[in-house]
Amino acid sequence: MADTWLATLITETPQQGFELAITLSRRGVKYTQPDTEVLHKLRPEYAHDAGALTAASHVIALNFQTIAAANNYWRK
Amino acid sequence: MADTWLATLITETPQQGFELAITLSRRGVKYTQPDTEVLHKLRPEYAHDAGALTAASHVIALNFQTIAAANNYWRK
Amino acid sequence: MADTWLATLITETPQQGFELAITLSRRGVKYTQPDTEVLHKLRPEYAHDAGALTAASHVIALNFQTIAAANNYWRK
Amino acid sequence: MADTWLATLITETPQQGFELAITLSRRGVKYTQPDTEVLHKLRPEYAHDAGALTAASHVIALNFQTIAAANNYWRK
Amino acid sequence: MADTWLATLITETPQQGFELAITLSRRGVKYTQPDTEVLHKLRPEYAHDAGALTAASHVIALNFQTIAAANNYWRK
Amino acid sequence: MADTWLATLITETPQQGFELAITLSRRGVKYTQPDTEVLHKLRPEYAHDAGALTAASHVIALNFQTIAAANNYWRK
C-alpha cells in the first residue's frame, strides 16, 4: 500500500487511541485481503456473528495495548 | 462515535479498572456492530455459550492488562 | 456488581497470585452472564471439554501476567 | 487446592522456566477441572488433535512470557 | 531457511513497522509450511473467510507489539 | 525431557531469535505429545490447513515477543 495511513501512534486522548487501534485492526485485515468488494460481502455475516464480533474486539484490545503504551497511557 | 466515552484510563481501584476493561471490550464490539438491536438479538445465544463467555473474559483480561499498567497496578 | 471483590492485585505468594488470576477470569465470565444458575448448567459440559479447559487456562495465564507484574514477580 | 505448588517464579535456567510454564498451564486446567480421572479420559483425544496441541503450546508461551520476565530473561 | 530476511526490527516509521509485522506473521506460516504452492492453494479460501482474516490481523497485532516496542514506539 | 535444549534466550540476530521462537513453539507441542510418530501423522493435515498455520504463526509471535525482549530487541 503506497499511501501513508500510519504516521504516528501518538494520540491526544485514550479514545482517539482506541479508535486508532480499530484502524490498525482493520488494516491488518486489508493487507491480507485488499479487495474491498470482497470485504464488503463478508461484512453482513460477520457483523451478525457474536464470535466474530468478540474476535474483532480481541484484536482491537491487542492494538490498544500497543497504542496505550506508546502514549504512556495518557498519564499527566 | 461522537460522544466521549473514554477520557482516562486511570481509576481509583482495581475493581473499577476491571469494570473499565469490560467497557473497552464492549466498545470494541460496538464499533464493529453499532446497531444495538442486532447486538441485543445476539445476546441470549451468546450468554448461554461457555465458549463465548470464555472469549469475552479473554478480551476483558487483555484490556485489564492495559488498564492495570496505566494505573501502575494501583500500588501504593 | 455492588460488592467489593477486588481491592488489590497484591498477594503474598505467586500461588495466591495465580488463584487471584482464576478469580479475575471467572469474574470476566460473571459480568457477561450474571445468572449463576445459567453458569452452573454450562459447567458440566464445559468441564469435560478439552478445548474449553485450555481456553480457561489461557485466560488465567493472561490475568496471571497482570498480577505477576503488579507484584513485581514476587522477587525478593 | 491446599498444597503449595508455586513458591517462586525464579528458575535457574530458561529451560526450567519453560517447564514451569507448562506446570502453570496444566494447573490452569486443573483448577477448572480438578477431577484427574476426567482429565485422563480427555487426554488421548486431546493429544492427537493438532489444534489442541497448538492451543496448549499457546498457553505455555503466555506463561513463559511471565516467567521469563520474572527471571529478567536469565540475562547475565 | 538460509537467506537473511530479518536483519533488524528497527524501522523508520510506524507504518513500515506494521508492514514488517505482516512479514513476520507470514514467515511464521512459511516456516511451518515452506511449500509456496500449497500456500497459494490455501489462499483463496483463506482470503474470503472473515474468521481467517481476523486471525491474520490478530497475529499481525502481536508482531506489531514487538516491533513497536523495539522502536520505542517511534516517539520523538 | 532430560536433554538440554534451551540454555539461553540470547541470540545474535533477530532472525535467529525468530527461529528460536519456532523451536519454543514446537517444544510446547512436544511436551504435551512426546510421541514423535503421532506428531508426524498429524503434520500433513495440519500443514494444509490455513487456520492451523495461522495458529502456529500466532504461537511463534508470542514466543518471539519473549525472545525479542530478552535480547533488548537487538538494538545497538
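When the chains are written out, they are named A, B, C, D, E and F in that same order, and each has its own residue count from 1.
Throughout what follows, a contact is a pair of C-beta atoms (placed from the backbone, for glycine too) under 8 Å apart; a residue touches a chain by one contact, two chains touch by 3 or more.
Chains and their UniProt names: A, B, C, D, E, F = Peroxidase.
Model, not experiment: these values are computed from the prediction.
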item	value
Set of chains whose contacts include both subunit E (Peroxidase) and subunit C (Peroxidase)	none
Whole-Å gap separating subunit C (Peroxidase) and subunit D (Peroxidase), where each centre is the average of the chain's CA atoms	16
Inter-chain centre distance, subunit A (Peroxidase) versus subunit F (Peroxidase) - centres from mean C-alpha coordinates, in Å	27
Set of subunit D (Peroxidase) residues in contact with two or more other chains	49, 51, 55-56, 58, 62, 65, 69
Running round the ring (origin subunit E (Peroxidase), first step to subunit F (Peroxidase)), the chains in order	E, F, D, C, B, A
Subunit E (Peroxidase) - residues contacting subunit A (Peroxidase), complex	13-15, 18-19, 22, 47-51, 53-58, 60-62, 64-65, 68-69, 73-75
Subunit B (Peroxidase) partner contacts - residues on subunit C (Peroxidase) that touch it in the complex	4-10, 24-29, 31-33, 38, 42, 45-46, 49, 51-52, 55-56, 58-59, 62-63, 65-66, 69-70
